[in-house]
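The following pair of complexes shares a single chain, subunit A, combined with subunit B in the former and subunit C in the latter.
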Partner chain A sequence: MATALTPIAWQSLSSATASVTFSSIPSSYRDLRLVMQFGYSGSGGTPIVQLNGDTAYNYNYVVMEGNGASTFSSTGNQPGMTLTFRTPPTSATAIVTLDILDYSATDKHKTGLSRYNDAAAWVNATSNRWSSTSAVNSLTITFVSASTFPTGSTFALYGIAG
Partner chain B sequence: MYGTLISTQTLATTAASVTFSSIPATYTDLVLVYSGRSSTTNAYITIAFNGDSSSSMRELTGSGTAAASYGPATTANGGWISISTGTTNTFASVNCYIPNYTSTANKAYSVDSVTENNAAAATQRIMAGLWSGTTAVTSIALTAGTSFTAGSMFSLYGLTHF
Partner chain C sequence: MSLIPLGFFGGGSSASLELISTQVLASAATSVTFSSIPQTYKHLQLRYAAYATNVGLTAVTINLNGDNASNYAQHSLDGDGASVSSFNSSSRINFNSPYIYSNANSLGAGILDFLDYTSTTKNKTMRGFGGLVSGQSHINLVSGLWMSTAAISSIVLTTNGQFATTSRFSLYGVKG
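Moving on, here comes the complex of A and B:
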C-alpha cells in the first residue's frame, strides 16, 4: 500500500554530537515531519531546530506542558523552533515529532507543531513560527547552549505529500 | 499519512480488549490510530507491549475550562476514549506513536487523545509513555477500563526510516 509519508533521510548517532543537519531538502513535498528519539549531555541546553542556518532569534513559540504535578505555559522567541525548555533525559528516551507545514512556500512564514515526550519528566505541545518566507531547504537540530545528543539518538525526516 | 497499513480491526460487538499480534519487524516505527467509545463512563485505556502493561506515563490535559497534569502512573497509559453518556454516535480519536520499536533499548512512545463530546465533558490529552522493555515489540494490546463499544476501530501502521 502506498504511503503519503515518505522517508527523506535518517541519522543515528554513533558518538555524542552537538548538532545534526539535514540539508538539500527537496521541495517536492507539502509538509515535513521530523521524528527524534534523543537525550542530552551538557549544561542544560534547550533543544531547538534551526531552519536554513538561521541562528538569530527569529522563531516565536507558544508552549504548554505538564510534569504530572503542575502545568505550565509560556510564549517568547528563541534562536530556533523550540522543542522543550526542560532538561531532556541523559539517555535517548525522549521523543519529539515536529511537523513543519507548507515548508516550501515562499509567501508565508513557516509554522511548526511539535510534541515532546519524556515519560520520566515532562510532556508538552509547542507551536512555533519562523519569521521568514524562504522555502526550507535545511534543518539543524542543536541546543541553545553547549550540549550534545548522546550515542543512540536517532533523527528521521519525512516528506508528506500534498 | 501514517505509513503502511499492517492491520485494522473494527468491532462488530462490545469487546474488553483489542490485540495486534505477530507484528512484523520490517519497519522502524509504529503508528496506532483508534476511534473508540466506552460502554460505560470508564474511559481510560491500558496499553500492553508484548503482554506487559506496566508502561509509565505522564499526561497533560485540557477541558476548555481547566488544565491539569497527571503522573507518573502505570494506569491509563494507552489513551482515553469517549464515555457512554457522551453525545450519541461520538467516538474519541487517539493516535499512538512508537518510534524504534525493534530496538534493544526501552521503548518511548507518545499518545494524543481527544474524547469528543458535544458538552462540557470533553478533553484533549497528550501523554508521554515509556515501556521498560528491551525486546522488539511484537504485540500490542489495548484494554478498556470496561469495554469498547461496537463501531470502535483500530488501525496499526508501519513506518520505515530512509
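Moving on, here comes the complex of A and C:
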C-alpha cells in the first residue's frame, strides 16, 4: 500500500527572512501538514500562516496555552492562521505542526489545527478557521509585525492522501 | 528531510502513514463505522472534519469493537477562548473526541491516535487533538482509555443529532 504521507517541499533558511512561501501546492491530497522549526528577530513575534495571499482579518482562532504556572485561552481574528501569541525564541528552536484539513475542498471553510512548543516558555494548541471556500494553493509563513525568521529555520510541507 | 511529520506530537522518522479508508458523507448519518480494520500496523490515526445537524455543540463519541459497557475512561483539557478547564471521567460507556458544532462554516476537526491497537496484552490508549472556531470556539486535548486487551477491529463514531453531509472521516495505519 502506498504511503499516504508525501513530502511536497522543504525550505531551510541560509539567511534571515521575513516570510517563507510554498506556492503551486498540488490539490491531490486530502490534508496538508506544515512542520516548522523556527525562531524570530524583530518587533513582534506572532507567527501566522496566510493562505492564497489573503492578508485580511479572515482568520478566526481559539488558543489554549500553559507555561507551568498559569493557563490562558483567547479567541479572535488575525490576518493569518495563528501559531502562537508568545514570542518565539531568538534561535530556531520553537516547533510547530499545523494540519489544514480538507484544504482542497471548495464547499468548506478551512480548519487548521496547530501545536506550538517552546521548551523554554509556553506549550500551546490552537484551532484556526479561514473564512473561505477556496482551495488552498499557497501558504505564506510570516509575522503579524515586522520580524524575521533566523538562519537555520526549517519549513517542511507534506500532503496527506485520503 | 530531518523533521518528523507523524502524529500530532511527532513519531518515528522511519514510520509511514497509509490510508485505510475515507468516508465523506453523501447524506446525514447518525454514526460512522470503520470495520474490519487491518491488523498489520503499529498504530492507527483517525482524522475528521465534520459538523452536526439537529444539535448544537456536541462531542464525537467513540466505541471500540462494539463495546458499549462501562469500560472507558477519559481526561481532557479544553480552551474555550476565555479559560482553560480540565475534565476526567471513568467507567464511561464511550470516550469523547473533540467537539463538532451545527454550523457548516465551523467545521470541527480532530486528529486521534490509537496506540498499539493490535496488542492483546495491553489496555488501549487514545490521544486526540481537535478544535473548532466560530459560533462556538473550543480547542481540546483528550486522552482516552479502553480497558480491554482485545485488538481493535472496529471504531464507531456517533454524535448527538447527526453528522452532516460532506463531513469527512479518514482512518490511517501507522507502520512501526
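Rule of thumb we're sticking to: the second predicted complex is superposed on the first by the 160 of 162 C-alpha atoms of A that agree within 3 Å, B and C clash if a C-alpha of one lies under 4 Å from a C-alpha of the other, contacts with A are read in each partner's own complex, and residues count from 1 in each chain.
The criterion applied here is as follows: a residue touches a chain if its C-beta (ideal position, glycine included) is under 8 Å from a C-beta of that chain, and two chains touch if they have at least 3 such contacts.
Here the structure is a predicted model, which means the values were calculated and not measured.
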Room on subunit A for both subunit B and subunit C (clash or fit): clash
First (subunit B), second (subunit C), both or neither touched by A:Gly152: first
Partner chain(s) touched by A:Ala4 [first = subunit B, second = subunit C, both, neither]: both
Subunit B versus subunit C as contact partner of A:Thr90, first or second or both or neither: neither
Touching partner for A:Ser23 - first (subunit B), second (subunit C), both, neither: neither
Which superposed partner A:Ala121 touches (first subunit B, second subunit C, both, neither): first
Partner chain(s) touched by A:Val62 [first = subunit B, second = subunit C, both, neither]: second
Partner chain in contact with A:Leu101 - subunit B first, subunit C second, else both or neither: second
Clash with subunit C, by subunit B stretch, listed 37-45, 73-81 or 109-117: 109-117
Contact residues of subunit A, present in both the subunit B and the subunit C interface: 1, 3-5, 7, 10, 35, 37, 64-66, 71, 73, 97, 115, 125, 154, 156, 158, 160
Residue ranges of subunit B touching subunit A (in the complex, touch as defined): 1-5, 28-29, 55-62, 67-73, 97, 99-100, 105-106, 108-110, 112, 126-130, 159-162
Subunit C contact footprint on subunit A (complex, rising order): 1-5, 7, 10, 30-31, 33, 35, 37, 60-66, 71-75, 97, 99, 101-102, 105, 107-109, 111, 113, 115, 125-129, 131, 154, 156, 158, 160-162
Subunit B contact footprint on subunit A (complex, rising order): 1, 3-5, 7-10, 35, 37, 64-71, 73, 91-95, 97, 115-125, 152, 154, 156-158, 160
Contact footprint of subunit A on subunit C as seen in their complex: 1-6, 8-10, 16-19, 22, 47-49, 77-84, 104-109, 111, 129-134, 137-141, 166, 168, 170, 172
